[in-house]
Structures are given as structure tokens and as C-alpha cells.
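Structures incoming, each one as C-alpha cells.
Shared chain: subunit A. Partners: subunit B in the first complex, subunit C in the second.
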Partner chain A sequence: MKQVGFYGFTALGLLLFPFAIHPIGGYPGLATEILIVGIAAIGFNLLLGYAGLLSYGQAMFYGVGSYMALLTVQRFFPQWPSIWLSLLVAIVFVTVMALVIGLLTVRLYGIYFALLTLAFAQMFYFIVFQWKSLTRGDDGLQVITNATLQLGFTSIDLTRTFPDFELGPFGNLHDVHYWYAFAAIITLVVLAFMRALIRSQFGEILAAIRENEERSTFVGFDPLRYKVAAFTIAGMLTGLSGGLKGLYEASTGVDTLSIDMSGSFVIFAVVGGIKTLFGPLVGTGLIMYLQNVVSGNPVFGNGWRLIEGLIFVAVIVFLPGGLLGSFKKKRAHAALANAVRVSPVEGRP
Partner chain B sequence: MKTTFKPNRGQFIGGGIAASAATFAGINVIAAPMKELVIGLNVPQTGSYSDQGADQLRAYALAIDEINAAGGVMGMKLKRSIGDDQTKASVATENARRMIERDGAIMITGGSSTGTAVAVSKICQEKKIIFMATLTHGDETTDESCHYHTFRRYNNAHMSARSMAQTLLTKYGTGRWFHITADYTWGHSVYDNLIEVLEPKGAKTIKNVLLPLGTTDFSSALSQAQAAKPDVLVITEFGKDMVNALNQAAQFGLTKSAKILVPLADEYMAKGTGDNFANVVTTAPFYWKYHAEKYPAAKKFVQAFIRRYGVPPSNGAENAYTDIYQWKSGIERSGSLDPAKFIAKMEGHKFTATKEPEYWRAFDHQGINSCLVMEGVPMAQRGAEYPAFAFAKVLEVHDGESVSIPQSTSKCKIETA
Partner chain C sequence: MPGQLLDGFIRGLLYVAIALGLTIVFGMLRLVNFAHGAFYIIGAYVGLVVTEHVGLLAGIIAAPIAVALFAIAFDFALLRRFYDKEPTAQILVTFGVAIVVEETLRLIFTGTTRTYVVPAWVQGSLNLGFTQYPTYRIAFGLGVIVLVIAVWLFIQRTNYGLIVRAGVRDRTMVQLLGGNVRQASTVIFALGAALAGLVGAAASPIYSIDPGKGFEFLVPSFVVVVIGGLGSFWGAVLGGLLVGELQSLTTLFLPAASDLVIYVAMALVLLVKPSGLFGESEVIRG
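Moving on to the complex of A and B:
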């Protein structure tokens, strides 16, 4: 029953989202971007929220994902302009990359871990910047041929829009691209995957390691393996997000690998609420709304960065659990307590 | 008894949310169909090229207010949708997409970097929206990456290099040349063009140091230059990057030991470098002091700009101003908002704006107009009228036709729709 509720409410939310933001100045394209970028924030939440690892280098997976997806269309397999193929190449490459970097970094804690991931991200930033024959350096990639989505019997051009249907204050169905539907389905799958993951034994062991690594070692878990796994899964989701963003925009640039971008993922997750399933998505939505809609306001548009900063500070000071985390503080604590108590001897039903 | 309204916490928060919703909802009114025409102004408001972006915004505001005061375009008022492209290609694309999707912009204009212009040009082609590219000087915008929906009136690197060729040989000689170049399309384009012009004449290139856009510390490149003892130091940087590079070069004594060449400059770069810009050779498509004396339309524009903002316009501002009027004229001559009809009326169109008679070339949508070769003047010799902006004297004026990329060597393969 709970399962049905989760899928039902999430699907309904995703269905209404592009229209619900219309009265407050949003537009369907923004909804698509929020979902796509939100996937990376959801992945980051697995690291910070559940594994307690503050990575400050997630942009490397995001950026490399977007480059790999576009290079697949443009360079590697121009004869097969397929979204599936591009995403597959991006995800496989980024997953391997995250696994290797994870093995090298998760031994460190706190600030040292953050700085090492940042160093790796900067390394990739400069590789992408300097490898001009492949990445075109600072100019970034712009791809003209839009990849299509193969569905066995047919292929869909995701840049097409739904038929004309007026929805009053909620805009027009015609403004919504197929891209939104695709991003929404992927988001739903990612959310379901995360939900299963954090409720599984894996998620609970991860929480146990975060709360007391020594104790979980004593009871027989190898923290390194779990942390590497979490790092790799987060990297994979970030790569998926980057790949989708690249294909959606049909362009990418070196700033997708910048420190700013890595910092954005931290802000998205913390503002929305770490340790919550939907928090990172809400945080991404709020901040990207500021960036895209408030920045266009003639009166205080120029100050959107200031507003973003104030929200971040306010959340840290007044709502340390994030916007969503503060609603269900008790439940989060209970879940945490359960998670810490787990041991291989007791097992879990 | 007087009652005062003391909201409880719930009312306060509710009121706050309602008030902010009302404020943001105001934005949405932009999309009201066809009473207004929305144009997207996509320029850098932050970062290295923000001075150029801000001056273009001033010129846009002037042009739009003038047009609206005179009855708009085909009876419809112009409405702005402004975005800060941060001189990043991906932000510029996001802005353009937002202007088109959210605000219903029917034309995008802006620039300051060829990197952003090429990216925006691509998305405008995809969305079939007119893009009037302003301050973009790399060849690529109307050469390799030209698009059917994009028009660029600003001079390009090919034009600048060809215009300067003779002056460079007489003033700078062939000697040993050291380059510091912005590491993106524009920098590469200017460098390639200079090499094409200089090396066959015997100039020797010692080194080309490529630095990312937004570099603030040029000391490593400059100490290499110092050690190499070049005859000429070429600074292919723009905006604040060029200001930093040239001022630091002066600290290193390079402005004394070598001749400095800045292939493209504007009023704000000259303002930031002051006396360090003296005797530096550069190019520009427009110079307020020169054109205002020669052309009545330029005089009218420069005076209106000074009246409103208290300072003269930079060459990018002139370009932004004229582009708005060119777009208006194209729309009115085609009598339609259909991009294809507009483009048909623009291709090959001859007009006179703030310069000599000029035209839009059909095969690559490059505006063909003159290129000025100028030389920086020391502050003491600039006179009393806006000395910071009266930075140069005009050495030569080259007509656009003679210095443009010929069709035979153009890499532009423009779409037909």
C-alpha cells in the first residue's frame, strides 16, 4: 500500500509540476532542467546524507557525463544518434571514473576528503579545458543533430511538444516538450531506486558507518567497500544527470565542471534537506527557480545570488535539516536510531 | 477604541508568501500575446566583459525607449527580457532558451564573447528565432559557425588583421613577436589572422601564451615575455582581462621595452589602462569622437547617449543600438514577424546608419562596414571632453569590402531555413 502511495504521489507531483510553477513565473523548460539537475542532487544526497561524505567535486561527473553524451552523438557514433546510446556511454564512463576516484579518496575524512575530491574535479576541469581537439576548450560543444529516443518500434524526437491545450493560469500543454516526460520518467525511476537503496540493508549499513565507523568495523563490515559503492552510485547518477543535461541543451561547456557547479550540488541538497528522499529535488527546484525566474525580476533580479546566499545561511541556522528535513525531524531521528543499531548478528527481517 | 492589526505568526507567514507570489507572478505578464514584442538582451553583467555588457544594455535601453516613444514596431511596443550570460556559453544558451520559452522572445541580441555568440546562434537556429549578434569579433560567428537566423554587424578578426597589416609593418616592423592570447574562439581567431598577415612579411613569432578567459594574474606570461625580449608584445585579450594584462605589462616595464599591440579595444578598456594605452595600435568598428564629427546620425546617437548617461558610448554600445534599429527596419520592411520573411529582406540590404553606407552580406550574414585602425593617445593630449573615453586618434579607415573574408575562402555553409 505504501508503495502505491509513493508511486502515485510522485507521479502525480511530476505530472502537475510544469503547470504548477506557471503562475509564479516558471515555465516547462525550467521544470525539465530542475528534474535533470535534481538527479545529480539526489545522487549527492546518498553521499552527504547517508554516507556522511562531503564531496566537493561532483561537477567532474556531471561535466564529464555531459561531454561523453554529446561526444557520442557528435564524434564516437555519429551514425547512431541515439539518446540511449549516449546515456549508456556517459553512465558507463562516469561509473568507472567514480569507482577509481572513490577507491583513491574515501579513505580520507571530512575536509581532507572534500579537498581531495575538489582536486580531482579541478584536474578534470583542466583536462577538458586543454584537450581542445576533443572538447573545443572554453568554447564548449554545440551539437546540431538532435539525438532521438529509440523505443523498439519507433523513435521519438524529444524536442517535439504536446498538442495545443489551454490550461488557464497554468499555461498551455503545447509549451511542454516530450523532454519533460522523459526526464520525469527517469526521475521517477531514480527516486524509486534511491528509496529502495536507502531502505535496504546497504542503506542501513551506510548509515551505521556514518554514525560510528569503528563499531561497524568491529561488527564485521568493511566501511571502505560500502563507501566506495556509495561514491560510485552517486557518481553514476551525477553522470546520468550530466548526460541528460548535455543532450537536452544540445550543448555543454567547461563550466559544467567548475567549482561553482560542485558547490551548487551541495547547496541544492542542504537547502532541500539531506537524508530526505525528495529534499535534494526541492532544493534544486528552489535555487534554480531563483536563478532563472527571480534573476529576471526588474527590481531585485540582480540580487538573486544574494537571495540564494541568504536562503543558504537561513537554512543552515534555522532549519539544519533542510526544508523537508525539518518537517519530519522525528521520523528521521527514529530511522537513524534504527540504522545505527543494525548488526550482522541481529540481521534484519 | 482604535484597533491595530497584529498578525499572528501564521498570518504573517501567509501574508509574506502571498506578497512574494504576487511579486513574482508579475513577471508572467510578459507573455501577453502580441500587444508587445519581447526581445531578449543576453549580455555579460558579471565577469571580465561586464563593462561591455553594461554599456550595451544602456544602448539597448536608449534604442528601445526611442522606438517605443515613436509608436513601437508595427504598432507594438518593445519589451525587454534581460539575462546575464556571465560570458559562459552554457549560461548564455540557458538564458536564450528561457527568453524564448518563458517570455516568448521573438529576437535575441547580445554578445561580448564569440564563445557565447556561437552557442546562442546555434540555439536560435534550432528554435528559428532571429539572433542579432553584437559584440563578437571572432571570425567563427559568420564563418565556420554561421547560421541562417544570425546576423553580425561588428567587424571580425579577419577584417581587423587585414586593416592593420600595413600599419603594423610600418610602425612595428617585422622583428620578434610575443603573443598573449585569450584561450577561446575569439583569441584563436585573432591570433591565426595576425599570423597569416605577419609571418609572410618576415615577422618572427617567438611564443603564444594562451590564458583562460577571466585570468587576472598575467605575471607568469609577462615574465616569459620579459625574458624573451620581444620587439612587439601582442595582447589579444578583451575587457577587464586586457586591462589587467596591459597594466601588469607596464609594471614589468614591457610597455617601455617593447611595442604593444592590442588587436581590438573599446572605450572601457582604454579607460582602465589610461596612459598605458598611449601609442598602442588597435582596431574598432566605431569610435564616437570620429564618427560623431563625420556622420550626422552618429552625432545624434552620441549626443542622445551622453545626454542620458553622461558618458559617450563605446563601440559595442553603438553596435547594440544600430542592431535594434536594423531589426526594426527588417521587420517593418517585411511587414511580418515571420523570420524567413525578415531574413529575405535583410540579405543584401543596403543602409546608412551611424557610418558610411553599408550592407548585410547575403551568403554569411556579416555586416560589411568599415574598420578603423587607431592609435592610443597619452592622457595629457586628449583635451577636456571626456578624456578617459577620448583615447585614440584614427590612423586609417578601411572599407569593409576590401578587408572582409572573400566568399571564395569563406567556410560558411548557411542553412536555407
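Moving on to the complex of A and C:
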């Protein structure tokens, strides 16, 4: 029943999302971008929220993912323009990269881990920046992708839009590209995967390691293996996110690997709420939506990042659990209060 | 070639001056301060405004005072809530404040690159025998060397310095012995900030000013303190000079790798000896 509730609730939310943001100044394309970037934030949450690892270099997976997906179309396999193939190449490459970097980095703790991931991200940034023959350096890649989505016998051009259908204040169905549907389905799969992962034994052991690494070692778990696994999975999701970004925009640039981008993933996840399933997605949506609305405003146009910073600081200080996390905590408190109230009836202290 | 080496040395001294504040704050507060670059850039803009209205010396004096006051306010208003939290929470709050500062400055001063003119007595260049070199850069270099010695004397010779040195080793014990660690923490935090502000004002005629400069210099300063050892005084000094020369020499021989190389060095140090070349190994699990 709960399973059905989760899928129903999430699917409904994803279905309504591109129309719900229309009356408040958003547009369906923004919804697509939010979902794509949100997948990386969801992956980051596995690190900071569940494994307690503050990675300050997630942009390296995001950026490399976007480059790999586009290079697959442009350079590696131009004869097979396929979204699946591009995503596969991006994911496989980034996953291996995350595994290797994870093996090297997770031995360190706290700030040392954060600084080492930052160092690796900077290395990849400058490699991509300087490898001009492949990446075109500062100019970035603009690829005319004719990549389509193969589904059995047919193939779908994701840049097409849905048929014309007026929805009043919620815009027009015609404004929504197939890309949104594709991103939404992937987001649903990613959320289901994360939900299963967190509830699995793996998720519990990860939480145990975060709370008390020494004790979890005594009980017989090798913390390093679990942390490497978490780092690799987070990298994989970030690579998927980057690959989607590249294919969706048909372009990418070295900015995708910047420290600012790494910082953005931190902000998105923390604002929405780490240790919650939907928090990172909500945080990504909120910040990217505000960025879009504010930067379109002639008065505050330049100030959107100030607003982002202010929200971030306010959340850290006043809502340490993030928007969703604090809400969850209140519910947990209420549940606890209830439990205490009813317990004498059952004869327990 | 000697000019390149000297450029590297001066840039190294800039890193030293920024990293010094970073490392003493880490030593005392166990805090990796992502807002340290924000202190630098506040100092730079205060220096800019005061220099334009009064003069360069006034600017260089006003900047560290203004930044120290800002740091004390920041400490009282926000940072104190995070003293006892895990290090990741401290990174997040300083990172947030860094964004707010940078963007506020961008709103006030716009994003255009600014610089200010230095007075006549430090314009021009000096003949050093092997090369002609801008006078202001030489003055800046000498100033940083004096600064390093002054900070070292402060830590070695004053009561605050004593609490700092002891606090680095064992905070709780210092508190038990009656040392006011909390107050000393604020003083050190303000001192570290003032150093960054001072450098911000003094270095801007050389490296120009824009709101992103703080973060731009902060990241190499992380490299410096990591290589030297987080919390290590002389580590920051030698690390800074090393990173400056490393960048300068690779710019000369292998320009494509000049940015890459320092991060490779940083990663290698963290992988092989996370406590840095001059740090104490006990701090790693902090």
C-alpha cells in the first residue's frame, strides 16, 4: 500500500509539475532542467545525508558526464546517434571515475575529504579546460544532436512537443517537450532506486557508519567498502544528470565542472533537506525557480545569487534539517508525543 | 627567468599572507573558513573606497579594521552556534556567508574589474641588478615578510598567543586551566580576518579587484595550507612560497599545466600525508 502511495504521489507530482509552475512564472523547460539537475542533488544526498561525506567536487562527475554524452554523438559514435548510447557511455565512464576517486578519497574524514574532492574536481576542471582538441576549452561544446530515443521499433525525437491543448492558467500542453516526459520517468526511477537503497540493509549500515564508524567496524562491517559504494553510486547519478543536461541542451561548457557548480549541488540538497528522499529535488526546484524568476526581474536581476546565499544561510541556521527535513522532524516529534501519551495504556513505560 | 622567479615569489607571498589567517584560524577553531576569501575581498573594496577618497596608506589601515569588525559580528551572530557542530556544518555556514558577501559586493560595486592608482613614491620600478622590478611589488613583498614576523611574534610572545598555541594542542585542557578559549577564538578569528583584509587592500593594486577575486584566491590558499599542513604556521609560509613558484615555473615551461599542477600537488599531499608537510599527524580525524 505504502509502495503504491509513493509511486502514485510521485508520478502525480511529476505529471502536474510543468503545468503547476506556469502560473507562478515558470515554464515547462525549466521543469525539465530542474529534474535533470535534481538527479545530481539526489545523488549528492546519498553522500552528505546518508554517508555523512561532504564532497566538494560533485561537479566533476556532472561536467564529465555532460561532455562524455555529447562527445559520444559528436566524436566516438557519430554513426549511432542514440540517447541511450550517449547516456550509457557517460554513466559507465563517470561510474568508473567515481569508483577510482572514491577508493582514493573516502579514507579521509570531514574537511580533509572535502578538500581532497575539491582538489580532484579542480584537476578535472583544468584538464577539460586545457584539452582543447577534444573539449574546445573555454568555448564549450555545441553539438547538433540528431540523437533520438530508440524504443523497440520506433524512435522518438525528444525535442518534439505534445499536441496543442489549452489548459487555461496552466499554459498549454503544446509547451511541453517529450524531453520532460523522459526526464520525469528517469527521475521517478531514480527516486524509487534511492528509496529502495536507503531502506535496504546497505542504507542502514551506511547510517550506522555515519553515526559511529568505530562501532560499525566492531560489529564487523568494513566502512570503507560502504563509503566507496555510496561515493560511486552518487557519482553515477551525477554522471547521469550531467549526460542528460548535455543532451537536453545540446551543449555544455567548462562551467559544469566549476567549484560554483559543486557548491550549487551542496546548496540544493541542504536547502531542500538532506536525509530526506524528496528534499534535494525540492531544494533544486526552489533555487532554480527563484533564479529564473528573479533574474528575469529588471530590479533584482543581478541579485538572484545573493538571494540563493541568504536562503542557504537562513536554512543552515534556522532549519538545519532543510525545508523537508524540519517538517519531517516536527512530524516525528508529534508521533513521539503521541507514542508517549498512549504508552501507559499498553503498560509500557 | 629571474623576473619569473620573482613574480612567483611575490605571488607566493600573497598566498602566504592569505593562508596565514586561514591556518591560524584552523589551528585555534578547527574551522576551515570558506569565508576567508570574502574577508580578502571586503578588505579590497574598503581599501579601494578609502584610497580613492583619502589615500593608499589610509586604505591599507582601514581595510583590516573594517574586516576585523565584520568578522567579530559574523562570529557573534552566526559562527558561535556552530563551534560545537561537526566540521561539515561549519564549512557550509562559512560557504553561505562567502556567497552573501560576494554577491552583496557585486550589487554595490557591480562586477567590473577595478584597480586603484598607487602614490608616486611606489610607482615606477627599481633596478635590482639582475632585473628591473615594479617598486610597489617589492614594497608589497617586504610588507608581507614583516607581517609574517609580526604574527609569529604575536603567537610566540603574547598571552593570546599562548592560549592559541595551547588551544591547538588541547582545547579542553586550556579551558580547564582557566584560559578563555572562547574569547581567544574570537580574537584569533578577527585577527585572521584582519590579515585577509589587509592583504586584500595591499594586493589589489597588483592583482586588481572584482567580487569573484576572494574565492579565486581562496582556492589556491587551500592548496597552500593543505600542502603546508592545516594549522601549521611555517607550513603556510613555505607552502605559499612553494605554490607561488610552482605556478610561476610551470607557466614558464608548461603553461597548459600551470593551474593543474598545484591541485595535483594538493591531492598527492592529502593522499600520502594528509597532515601536510609540516603539520602534526594527530589532527587528521578532527
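Quick note on the criterion: the second predicted complex is superposed on the first by the 329 of 349 C-alpha atoms of A that agree within 3 Å, B and C clash if a C-alpha of one lies under 4 Å from a C-alpha of the other, contacts with A are read in each partner's own complex, and residues count from 1 in each chain.
In this section, a contact is a pair of C-beta atoms (placed from the backbone, for glycine too) under 8 Å apart; a residue touches a chain by one contact, two chains touch by 3 or more.
Just so you know, these numbers come straight off a predicted model, no measurement behind them.
**Q** Once the shared chain is lined up, is A:Y27 touching subunit B (first), subunit C (second), both, or neither of them?
**A** Touch partner of A:Y27: subunit B, not subunit C.
**Q** Looking at the overlay, does A:Q142 come into contact with subunit B only (first), subunit C only (second), both, or neither?
**A** Once the two structures are laid over each other on A, A:Q142 reaches subunit B alone.
**Q** Between subunit B (first) and subunit C (second), which, if any, makes contact with A:V4: first, second, both or neither?
**A** In the superposition, A:V4 contacts neither subunit B nor subunit C.
**Q** In the superposed arrangement, which partner chain does A:S251 touch: subunit B (first), subunit C (second), both, or neither?
**A** In the superposition, A:S251 touches subunit B alone.
**Q** Identify the partner contact of A:V266: answer first if only subunit B is touched, second if only subunit C is, both if each is, neither if none is.
**A** second
**Q** Which partner does A:L151 reach: the first (subunit B), the second (subunit C), both, or neither?
**A** neither
**Q** Take the contacts of subunit A with subunit B and those with subunit C, and give the residues found in both.
**A** Residues 129, 302 of subunit A touch both subunit B and subunit C.
**Q** Can you check the complex and tell me which residues of subunit C touch subunit A?
**A** The contact residues of subunit C facing subunit A are 32, 78, 81, 86-89, 91-93, 95-97, 99-100, 102-104, 106-107, 215, 219, 222-223, 226, 230, 256-257, 259-260, 263-264, 266-267, 270-271, 274, 284-286.
**Q** Taking the touch rule as given, give the residues of subunit B at its contact with subunit A in the complex, in rising order.
**A** Of all residues in subunit B, those touching subunit A are 21, 23-28, 45, 81-84, 88-91, 93-94, 97-98, 101-103, 115, 118-119, 122-123, 125-126, 145, 183-185, 212-213.
**Q** Can you tell me which positions in subunit A touch subunit B when the two form their complex?
**A** 22-30, 33, 129, 137-140, 142, 144, 146, 159, 175, 249-253, 255-256, 292-297, 299, 301-302
**Q** Under the definition above, what is the set of subunit A residues touching subunit C in their complex?
**A** Checking each residue of subunit A against subunit C gives 48, 52, 54, 56, 104, 108-112, 114-116, 118-120, 122-123, 126-127, 129-130, 259, 263, 266-267, 270, 302-303, 305-306, 308-310, 312-313, 316-317, 320.
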